[in-house]
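Note that chain A is present in both complexes that follow, paired respectively with chain B and with chain C.
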Partner chain A sequence: MKLYLYGIIDSSDQTKESIYGLEGSDVYNIPFCDIGAVVSQISQPIQDVTEGAVLKHEAVVEKLMANFTVLPARFGTIIDGTDSQLSMIQSYYKDFTNNLARLHNKLEFGIKVIWPADKIKENIVKGLKKGKENTPELNSSRGRKFMTETFDKYKIDKAFEAKADRVIKVMDMFFSKFSAEKTLATLKTENLLLDAVYLVEKDKQDDFREAFEHIKGGHPELKYLFSGPWPAYNFVILSKQPGLLMDSQQTDLLDKVTQDQMLVGANSI
Partner chain B sequence: MIANAIVETESPEEFIEEIQKAQDCLPKKIDANPNTVEKGLAKLVLTLIELIRKLLEKQAMRRVEAGSLSDEEIENVGETLMKLENKMDELKGIFGLKDEELNLNLGPLGDLM
Partner chain C sequence: MHDAITKSKDVTLLEILDRVLDKGVIISGDVVISVADVDLIYLGLKVLLSSVETMGKLRGSPFIGPMQEAK
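Moving on to the complex of A and B:
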């Protein structure tokens, strides 16, 4: 029987209350020294990522979070039975304990910000037209015409990126005050100004939330998405590749579940 | 049993659309099955050429900005970049590739372009 892995916890004890996972199976802990791998039996590999299955995985991890520090496994991680699970946990023991210590009492929050890219570019173009006299004269022939057009585009893009950096810097200054670690992705699309994940200590989550409300109030022209608290999906760092798992159905142990994947599930609650 | 984490936004559709857009341009793996191997390889090669073309273009723009190119050099570079862009458009057309498809996800390093 294959095992579905929900995460690694900082305890070798069984969970106090009954938890039911995918396929309605009992969730239990496979202990190894002072840590454990939380799993449930599963009859077949997950073929499709369904909202229900993602939510079930997340709900189990959140239940565990209430009592333990959890290194959440990527959705769909399946192990070839208890022996494989034990050799995996043995092989990664040091990584797991380091991560568990680092992520103890910390939660993950996601922040996404959309800005009106078209309007911003329009304003940049207007501003550049005013200052046109400062640009190099590149007229007439085909090559020069191409250079002029490309240079204009280059200046617009440069100003656009600089503006994005300035706005993000201000926001990040507020959020960073209350976070231990972060990952920021800027301008994934022209409109998606910021896609950030912050690792926040449990006792600072209210302050973090307050900082978000402050930013939101200060920039009402932007659109915001706030999510969390999540298990620290984006902050688990493994020092070696998960080669041990190559012969199981899924090879991405503790790889990052994207916030986007989580958004799909959580948005429709 | 449902998840307790909250997702708060006043514009869910817009966020879904933007996330979808960001994901669409990044194939999870290179499609190299027997029927599409030619297109898969062309995509990989053209992505690398496009990266180099963009780097060249950016470097040229920086030099124009700094005023370090002579009139003749501007003319030559402009002509070269234009021909390179036209050739790329032609090759993209042959293999049925769109601009947004010419990118690669380098995992922890982020996107190539």
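Moving on to the complex of A and C:
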């Protein structure tokens, strides 16, 4: 009997309501000590990753999230029967309980911020040109011209990155007030200024949303994508998988930021 | 308006896929029969996610709640 794993929960009890998973099978909990692995029977390994299957997986995890702390499993994890499932939980037990304790009563929120990179760069170029207005233009060779252009491009890129850092620090200052952990990725593309995930305590989620609205109101020229609450997909740290540690490490940009720097950033988009 | 809703659903789905296919608990070891081979599919999704900035064309407020539009 093959079992599809949805996640690990902080309870050995069965779910109060009936939940149906992939292939319409009953979802149930396989208890181990004080935790459990939530599974449903499945006839065969997943061949095709369909939108319906992914949404079903997420729907089950979200139903669990309403009543338990959940460590969501990656989509498509199938285990060979109940004995194997118990053996798996036993081998990961310490990792699971550590994560469940750390993530108890916490939710994940995603924030993406898009800025007008072209316009930002345009303004930087204007600023640089203004600074050169009083500098006499020298008759320059092609080599000198090339060097000057390369250096100008370097200065533009540096100014662009510095501006992104300033804006992100301001935003992060507000979001971090109400979050326990975070991962930040900046400038994944020139327009995707910030791709962040925050772990927020349940009783602070309204404050977190308010902080988001505050930031949004302060910078209406930017585009925002706010999503959540999610189960803590991005914050599960298993010691057996060092790769995950990297994904989940915090990126703390605030330590070196002064209040003045933040205010300058807030007014200079 | 309809176009905006469709795009919003697509973006919501991408947020779900980004988590369900790429994050969460990954179990390794002999007891695991399989973890769906999503690498190739996900490669395509990454490209889509990178172009999430095309959302800039969308007007209106951001969505809140992962499954609200997906249902």
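Everything below uses one rule, namely that the second predicted complex is superposed on the first by the 225 of 269 C-alpha atoms of A that agree within 3 Å, B and C clash if a C-alpha of one lies under 4 Å from a C-alpha of the other, contacts with A are read in each partner's own complex, and residues count from 1 in each chain.
Note that in this section a residue touches a chain if its C-beta (ideal position, glycine included) is under 8 Å from a C-beta of that chain, and two chains touch if they have at least 3 such contacts.
Keep in mind it's a predicted model, so treat the numbers as computed, not measured.
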Classify the contacts of A:Ser141 with the two partner chains as first (chain B alone), second (chain C alone), both, or neither. first
Which of the two partners, first being chain B and second being chain C, lies in contact with A:Thr189: first, second, both, or neither? both
In the overlaid three-chain picture, which partner chain does A:Ala59 touch, first (chain B) or second (chain C), both, or neither? both
Partner chain(s) touched by A:Tyr20 [first = chain B, second = chain C, both, neither]: first
Kindly classify A:Leu225 by the partners it touches after superposition: chain B alone (first), chain C alone (second), both, or neither? both
Counting only touches as set out at the top, which of chain B and chain C does A:Lys112 meet: first, second, both, neither? both
Which partner does A:Gln85 reach: the first (chain B), the second (chain C), both, or neither? second
According to the stated criteria, A:Tyr154 is in contact with first (chain B), second (chain C), both, or neither; which is it? first
Using the superposition on chain A described above, determine whether A:Tyr93 touches chain B (first), chain C (second), both, or neither. neither
Please write out, lowest number first, the residues of chain A touched by both chain B and chain C across the two complexes. 55, 58-59, 62, 112, 114, 188-189, 191-192, 223-230
Chain C touches which residues of chain A in the complex? 2, 5, 7-8, 45-46, 49, 51, 54-55, 57-59, 62, 71-80, 84-85, 87-88, 91-92, 110, 112, 114, 116, 188-189, 191-192, 209, 216, 223-231, 233-234, 236, 238, 240-241, 244, 247
What residues of chain A sit close enough to touch chain B in their complex? 19-20, 55-56, 58-60, 62-63, 112, 114, 136, 138, 141-147, 150-151, 154-155, 185, 188-189, 191-192, 195, 223-230, 260, 262-267, 269
Touch list for chain B against partner chain A, complex: 1-12, 14-16, 18-19, 21-23, 57-58, 60-61, 64-65, 67, 74-82, 110
Where on chain C is chain A touching in the complex? 11-13, 15-17, 19-29, 31-38, 41, 50-53, 55-56, 58, 62-67, 70
